[in-house]
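I've put the structures underneath this note.
Each of the next two complexes has chain A plus one more chain, namely chain B in the first and chain C in the second.
Up next is the complex of A and B:
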């Protein structure tokens, strides 16, 4: 079933909102910051794409946010931005569902909870930290603060979280369980994640560098964080300038050929991981128009949601934003279909196809 | 709202404290065997001891296909999946199954959580912890573990809806069948006991330091447990092509958010009412057809108060029970384990007594089954209420002339 995109909200290393995403895409600016990673050899710096959620206070007062951690704040900000963009902030949400896709879940809150009993003993474990560490924390915060009373779902399927969760959005709308779905994806950077990067990739992670997603044999990834949200409805409600999600396919690229529509512009989610790069190198079809925007938002499991946001923006603006594979200035969009492809390190492939109009 | 059901259940597998198979579990339930004890796989510095329901099997005899180093949560899922596949008769047809569209939808809470305590303690001390612990976790996504074991390449989804994950995974898996996305779906839930969640529930002051007492006047909270259950859901075409009788059917699935509180249910049970109503409506179920309700029944004061009030209002006179007095609260696995129990009880035409219940609470309008009961009617409901105010309800049916 086709899903119309009525509103988009995004926050990440590129900034907050579609204007910031648009500006980053147009300029090609890569806004990494430096994080300090604690290692056995002492602290070292590493580039990372980090998200600032201060704009959330435009939507919610500090009291409402006092127990909400960074992970849920990113998700809440994405959710509010998507509803605002759709012009549906004041709508009744009793027939709305909430779906969240996340590769790693609220990692920072999990560590904060561990800290409470590792430092102070089991008896002083923090109930607030424990609550924030539960994997559906973002969906819970969003449903409570936005009064969404339809069904809720959080999916944790690593790099396939976004395409996998989209299946549920499509079925809920098709079955008539809901009239709309607030669909979002969120992942966060935290200290231990930085340590993982340091241990797995060593200097390739810590040295100052740029992501080179088309250098499939090189490890050039830079960790990212952020959230991308979409208000989805059935397509028969009318044309959306952002277009529709037409199809979602999950497969194994080592088992069957990638089913990429011939007339599609292909956004690949190659994010500088050599382990995934080998699959792109081997399985990308020839003669397909490619683009890759991971250097705008970084390397993170929910990356396909950022690609969906960029595809939606491309339809709305009628242009293709410059990327490493489509060098030159912005140019007019000459296709009606954009397919976002993500391949995991174990060869799973998720394809999300968006079409112009409905 | 269109009805995506009924969907056939052709096989089931279950492992939890009462037993390593569905048969062992049901036998233990009807023998009223319940053995909560202090945790053996981790130690705790709490001044009070809180009993848990551990699975005695260390599961190390399992030899997972491909990647062998996986978490206990992954092993529990595999163990239950093998029983379910065998029960469905698919162990003799694995090659055929690989040619079909077979999906995996599994609920969990700790199975995807980066809460490796040993690793983190070493990291905090500035040591160089072995990355094998992190690689093991990354290789143990429960749905992916099952897909890898049976070489499946259909949709793969790990549901992390806290305590309703297993119920939601079965409901979503049934939708995949009905929508024509899959011929077969392995759906269920899995979770291991761990020190982190143990501390978490104690910190919330909703853990009982004695065997839990769902719906009892003296109830103080839950006991944690561990386990897994997997159901084989199958399309009519697939089932008929191999002449396989359905054990039961998923008739309906309802889900909702309370939008009220992070850790407490809505006091009027707003979301639960909606989820029950939706599951009943989807299955075209009349309340006089409902044989019993498997309640979430954790034994916490708030949960049991809300649930009993909703059951009294919506399903007066329908017998209900909680089985958590036999299994403990197995979190992401609970909904799946209780789905298996519900189907098995429907098949047997009886339900065990609600373990832990002895004294009626005058504040609760109804009381659970206080003795083993013969039940009539072809339908059972199974409820799950979760952190974050999420509610999920499944309706199962047998003997409706559908098989």
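Up next is the complex of A and C:
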């Protein structure tokens, strides 16, 4: 079933909102910051794409946000921006569902809660920490603060979280369970993630480098965080300038060939992980027009949602943004279909195809 | 720092009350509802905070209801039971 994209909201290392995303895509600026990771050898600096959620105070007062942690704030901001972009902030949301995809989930809150549990015992663990640590925390916070009374779901399947959650959104709309789905994806950076990154990738993580997604044999990933949200409806409700999600497929690229539409512009989610790079190298079809925007938002499991946002923006603007594979300036979009491809470190492939119009 | 001052600081910091400073909390203002505007989840959080910071347990609902009226009643409850 085709899903129309009615509104898009995004926050990440590139900034807050579609204007910031548009500006980063046009300029190609990579806005990494430096984070300090505690290692056995002492503190170590490494780059990361971090999100600023201060714009959320435009929508909600501080009192309403006091129990909402950074992970949920990113999601909440993405949700508000998508509804605002769709012009549906003031609509009744009793027939709206919410589905969130996250590869890592609320990692920081989970570890904070575990720390209180370990240091102070189960009787002295913070209930607020606990409520922020559950996998569905962001969806719950959004439901409460936006008064969304339809069903809510959080899907965690690492790099396949976004396509997997989109399949659920499609089913809900097809079954008539809801009239619209506020669909989003979120992942956060936190100190422990930085530590793991350093442990796994060593000097590659600490070097002051840039992501090189097409250098498939090299580890050049830089951790990122952020949220991308979409207001989705059935496509028969009218044309959307952002286009439609036409198809979502998850398979294993080492077992069957990738089903990439021949006329599609392919956005690949190669995000500098050598483990995933080998699959892109082996399985990308020849003679396909490619683009890759991971250096705009970083390495994170929910990256395909940023690619969806960029695809939707490309349809609306009628242009292809410059990327490392499409050298040169911005140019007119000459295709009606964009497919976002993400391959995991174990060879799972998620394909999300968007088409212009409906 | 007095128990009342400690309590105000803990409440503001641990409950993330960014819009108010500890000095602005009145000693006899209600903590819940119309006063400081805390809610039931805050009450559970305060039970945990009292034990963590003062070593004082609130064992029954009736005791808690009385103690949670204001900073004054909460401080008195703590001072009576705080381990010396």
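The definition used in the following text is that the second predicted complex is superposed on the first by the 356 of 358 C-alpha atoms of A that agree within 3 Å, B and C clash if a C-alpha of one lies under 4 Å from a C-alpha of the other, contacts with A are read in each partner's own complex, and residues count from 1 in each chain.
Here, a residue touches a chain if its C-beta (ideal position, glycine included) is under 8 Å from a C-beta of that chain, and two chains touch if they have at least 3 such contacts.
Note that the coordinates shown come from a computational prediction; the quantities given were computed from them, not determined experimentally.
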- Mind checking chain B and chain C on superposed chain A, clash or fit? fit
- Query: For A:200, is the partner it touches chain B (first), chain C (second), both, or none of the two (neither)?
  - Reply: first
- Message: Going by the contact rule set out at the top, does A:324 touch chain B (first), chain C (second), both, or neither?
- Response: neither
- Query: Is A:147 contacted by the first partner chain B, the second partner chain C, both or neither?
  - Reply: first
- Item | Partner chain(s) touched by A:256 [first = chain B, second = chain C, both, neither] | first
- Message: Tell me the contact category for A:62 with respect to chain B and chain C: first, second, both or neither.
- Response: second
- Compare chain B and chain C by how many residues of chain A each one touches, and report the one with more. B
- Name the contact category of A:127: first (chain B only), second (chain C only), both, or neither. both
- Task: After the superposition, pull out the minimum Cα separation from chain B to chain C in whole angstrom, please.
- Result: 7
- Task: Across the two complexes, find the residues of chain A that touch chain B and also touch chain C.
- Result: 123, 125-127, 131
- Item | Residue numbers on chain A that touch chain B, as the complex places them | 38, 40, 98, 104-105, 107, 110-111, 113-114, 117-118, 121-123, 125-127, 130-131, 133-137, 139-141, 143-144, 146-158, 160, 164-165, 167-168, 171, 174-177, 192, 195-196, 199-200, 250-252, 255-256, 346, 348
- Item | chain B - residues contacting chain A, complex | 1-2, 4, 44-47, 109, 112-115, 117, 120-121, 123-124, 126-128, 131, 134, 138, 141, 143-144, 153-162, 168, 172, 175-176, 179, 181, 196, 199-200, 202-205, 255-263, 270-271, 274, 278, 386-390
- Within the complex, chain A is touched by chain C residues 15-19, 37, 41, 44-45, 48, 51-52
- Within the complex, chain C is touched by chain A residues 61-63, 66-67, 120, 123-128, 131
